[in-house]
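In what comes next, chain A is part of two complexes: it sits with chain B in the first one and with chain C in the second one.
Here is the complex of A and B:
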């Protein structure tokens, strides 16, 4: 099938031809009939029912295993903080990818990028992962030491706050982020719930009717929708950076004596954006492949996301190195302990592949134009990045939580703990929480199409193929 | 009093805009007629009446409430349980800012969610005349009129090229 929008100014021969039986191709630019868009995208909520059911059962079983692992681990190790590193790592990983993905739905839209419109539903749906992240965080918060231990106030960002402050405020912050994410997802899905109400059948139609809440597409409704998307997007961004600041301070720096790093929270937030882009690419690749969305999730989207993933991989090394160089040259006992704990110490097995898979390999892979201008190339790069980020979170949080709590008041870490390997409960929690996250996103796409109907129509409404000197291009209107 | 809702259905944007112009020329009050679309056309594309919105009041109001509460909470707890940390004053702004920011944002987000209910005019219990084809690309021009002018409104819609007329009371 000919892809279209990669030829912004291309040498395609002029002329119209039927495309994919429900659209037209003009100079390499595919124009889809609105009714065909509606039929196809509403149809995605029912497509592949057998395969969906199979995956839903597998993921539900995994989620149940994860929940069981979490409960059993709490019953067995609720008094031993050093056993919870992998749980903290998986919570950080879910925050990294699930928290970062909705920014793909926000940032390019605020910058008036047209290519992102078919991706915004996919990206914003990952805010639902916040539910799983909060569940995984419950035992972690319970185990986190209070601010005042053994009569002394431990080092934290909560300088003069009451004893259980971090436990309350980290949850409030996560809750606010989740609320902003759900607000963004629901607001952008509102017109499509109306489409489900009008054109779906059975249970989906009933859900559409309930969730559309009488949407008919008046001027006022569209106007408020646009404003809400802007507001929730802004709130989401402001909260995401803040949540990373709290999460890294309370769950990493706060439990390692002598670790003071102003760059680490930003490194964490930045790699979350990298993870968010990566998971959006993977989801788009899967949607395109398994739901037959070649005309909706086109090369243009993969190309653009590939460039962002490439840029964010460069930022990974920039932020990592900015922090690292201070500890490397600092040479105080606290600095040496940091390098020993996180780089060349017990988790070097995670650090080296994390470095390769978060930066070196994706950088070398995505640097090539031919790789970026393909569908599979960015998807392979994204898969590598996701594995790299999981290993990176394991390196950070397993090392941090391996520090015995009785050393929390020391000026620096005097004894580097040994390598902590995952136990059976850790495997259950890792697999289960990732499975639960995938399940919750998949379920959302049974209620509302994976690609937004109204944003696809808007994408077409605002872009038009034109003749440009002796070539052809796509004219994009930016009316707002 | 408007007791009838009349909907003209169009497949193209241009005749729908003509219908909006025609209704305005015929003397129907701005705000009594509107365009229904399945995708957001640029504002003013149909010459439609765009009422003043109060969208920013909700998050702003929420943020003020949250900010004020957070000042009371942080200052109150620190005055109630004075504890000098790092030789800084009891009421240290930078220590308070962390909680103030969070509570401000929380209240702003909650108020925004509440605002959706009011400002989007949702749930819409009586949407008037509607057609399901609007969510597949058709354009509807809807007008609320009293029975005496219903015929005139319908005539304007037909003259502009409405392919179908629907009624609701």
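Here is the complex of A and C:
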């Protein structure tokens, strides 16, 4: 197919044009004028001010309740490890969704997938949730037993390291992850800050001027930007795996005697990717609905994310089953204790709905192409997955932290603890930390457009609708 | 990056069918040589069946040795086909096109070869039937269908059936092409195999939909096969080093690493032997090498986790096993070779674009990977068994006999022999994929630059 044919085809296809709100749609491909893109997306930082204020107040109140709950719980139960399971579960949940979402902005970009362009900003903003995660982690780190307890060294991945190594390293690692996420978020936003500086007035212009740091879009600046995105993206991915490795081994496996599960860090990291995809879908759904971004967050984005969510739900069950069959079939004392503690024991009430909502329901829901090619279908699937993941984290961490610390040196768990139900402080922490996370992401989108302007404009340059036999296609450039 | 040149359909047919319509000069002597090696291999197998497993190095407590290692190795290689063909098809990776047939073929032949190893390893192959088929319900003697040893043949034979179907569906348009260009018995053969292929829109639609459906259906089987093979080991707490939850994904990712590397080796050979420089280009090696860097690094991560959580228990037998694997002769040498050839040398070299685009270096580095991956399986299986365990008073190390080494060499000759036989009758690069790629690849002009572009069909 030659270029001449392409031009001719584009002309023919004009007959099929439908007018979207401010773009020109040719057979499913929207052509947007650069100025319209800038105006619309820069405008999102001030859109819906009344609704934003209302939600900001609600979420701030929730965040304050959460913080109060955290402080009160620490004052009341700082000497009892078994009462901190729900806080550990919340920290794990926030790490799961907040840590995983930026990968949606990284992995498809490295694979040159164009559908992800309108989603990169949304996804990378969730790295800010790391601030809330670190606050929730403070009492947990204080309560986590040292490496040497009762005169003996407990099992850990730190072997002969000094006593407080896990406590220091988890903070260092989570801090580095947060910095890498912020670096990714800020770097990808640089050209958009410049757009705000050049195409807006007042507060937004001042912010744009301050944050754009002299961005004028020279060839060198673009080259550096791409290099930085690649570096931050790769570093973020490696740090995320490392943080999951530390978190799972120190805050779950390390507190249960005899639990040795090499796949568990990868299971945790994989479900983090699943949670990241789910929360990105929810955020995209909200952005499309409340900010009028139908031309930007289109069916293609929901369809592609729906497929990824479907695939990650399959991976969830694969990783879960890979561990389960080994414990179930192995039937050593430690294996039986694992099955009793995490599956059929005190947390079965969380395990069964977690299994349904992390795998069975999303699998059966998203397997249908008609569901995936809709906006609400993937969003419903994503909401179910998020609830499932919270329950899964509760299953794992509440069970683990319920084990009395005096059994930590045993070869395997001899007594399965009873069910631990959340107290009022746990409810406050759960609601508050989720509220604080939503607030921090919302605030980020008052600072920078929710959809990346430069990535949207770049896709407009790189794609072109063409006629293909009797149908339509899009010619998508793949620069090196 | 695109290095392709426009090749019309006549030229494509002429070049890619040269293995079928003309026999290359090297083909017959090579096939005869390999045929002799294969016959010798069968004679050795017959000798072993006649004399029993005493002619091998297998002895208590090392009852799984080179045969099971080679079985796992060939099952691993078989993951190439679905990885390349199905996953890359579903993700619409354009560069997959010339590679798919060879990968699918490697899957089928390596699975056929893998199946032979548990059979001959049994010593009395006919007794395999006792493991699978119920034979005496009255006395309660019947196979435990929950055992991975039973799930194994079921999964592998399902995978083999699916892969063969996958290969055949993708072969149909090329069979139609061959039917129209041959005469005599060959025409009769291709007419029968082409199933009335005429290339009308309905047939193309069915073939495309069939390919996509098979791709999606094969993926769970692809994952399950090596997972089940890994559970042969992982569900056994009695052997140190085996009872690990990470084995399933660790085996699968290792299989992809070794399978895709085998495809690279094969592509280099195809390019050299059939002179398909215009079809199998450096850009394909470059793309595969980049994929392999990711896969190999993930595999190394799993290797690390497996090791860390083995030591994590601080159990004395587990630590002793790892000391044996890493520090004791000759395992320490094998460990170094495994790590260097499986990851350090190839991935270190693939980081450089000049290496990724160099066919000879890609050939050698991909061969290295498979040496490393064979050693990896050997080091997982044997040291755990050869360690002293409580209440077992017979312990020994294991040294494979010449019979076992000969059968390993035979298996490589056997797969190569089958591939060459196939190449005489069927094209190794799919013609229709090649022609389709000519339509789907284009350029977009952005400013003064021309950027390579891919056509994506709209829903």
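Everything below uses one rule, namely that the second predicted complex is superposed on the first by the 459 of 480 C-alpha atoms of A that agree within 3 Å, B and C clash if a C-alpha of one lies under 4 Å from a C-alpha of the other, contacts with A are read in each partner's own complex, and residues count from 1 in each chain.
The rule is simple: contacts are C-beta pairs under 8 Å (C-beta built on N, C-alpha and C of every residue); 3 or more make two chains touch, one makes a residue touch a chain.
As the structure is a computational prediction, the values presented were derived from the model and not from experiment.
*Asks:* A:421 in the overlay: touching chain B, chain C, both, or neither? Say first, second, both or neither.
*Replies:* So A:421 meets neither chain B nor chain C here.
*Asks:* Check the residue A:221 against both partner chains and state whether it touches chain B (first), chain C (second), both, or neither.
*Replies:* A:221: touches chain B, not chain C.
*Asks:* With the two structures laid over each other on chain A, which partner does A:461 touch: chain B (first), chain C (second), both, or neither?
*Replies:* both
*Asks:* Is A:332 touching the first partner chain B, the second partner chain C, both, or neither of them?
*Replies:* It touches chain C, and chain B stays clear.
*Asks:* With the two complexes superposed on chain A, say which partner A:368 touches: chain B (first), chain C (second), both, or neither.
*Replies:* A:368 contacts neither chain B nor chain C.
*Asks:* With both complexes superposed on chain A, which partner does A:157 reach: first (chain B), second (chain C), both or neither?
*Replies:* A:157 sits against chain B and chain C alike.
*Asks:* So, does A:479 touch the first partner chain B, the second partner chain C, both, or neither?
*Replies:* After superposition on chain A, A:479 lies in contact with both partners, chain B and chain C.
*Asks:* By the touch definition at the top of the document, which applies to A:198: first (chain B), second (chain C), both, or neither?
*Replies:* first
*Asks:* Taking the stated contact definition, name every residue in chain A that is touched by chain B in one complex and by chain C in the other, in rising order.
*Replies:* On chain A, the residues that contact chain B in one structure and chain C in the other are 157, 159, 461, 477, 479-480.
*Asks:* Mind listing the chain C positions that touch chain A in their complex?
*Replies:* 1, 91, 220, 223, 227, 231, 234-237, 243-249, 301-302, 305-306, 308-314, 439, 442-446, 451-459
*Asks:* Mind listing the chain A positions that touch chain C in their complex?
*Replies:* Interface residues on the chain A side: 1, 3, 6, 27-29, 111, 155-157, 159, 241, 245, 249, 253, 260-266, 314, 318-319, 322-323, 325-327, 329-332, 335, 373, 461-464, 466, 468, 471-480.
*Asks:* Taking the complex as given, what residues does chain B use to touch chain A?
*Replies:* 34-43, 48-51, 53, 55, 59, 74, 77-78, 81, 83, 85-86, 88, 90, 92, 95, 98-99, 101-103, 105-106, 108-110, 112-113, 116, 119-125, 127-128, 130, 132, 134-137
*Asks:* Can you tell me which positions in chain A touch chain B when the two form their complex?
*Replies:* Interface residues on chain A, with respect to chain B: 33-35, 37-38, 153, 157-162, 165, 169, 172-173, 175-176, 179-180, 183, 187, 191, 194-195, 198-199, 213-228, 231-232, 235, 238-239, 242, 246, 453-454, 457-458, 461, 477, 479-480.
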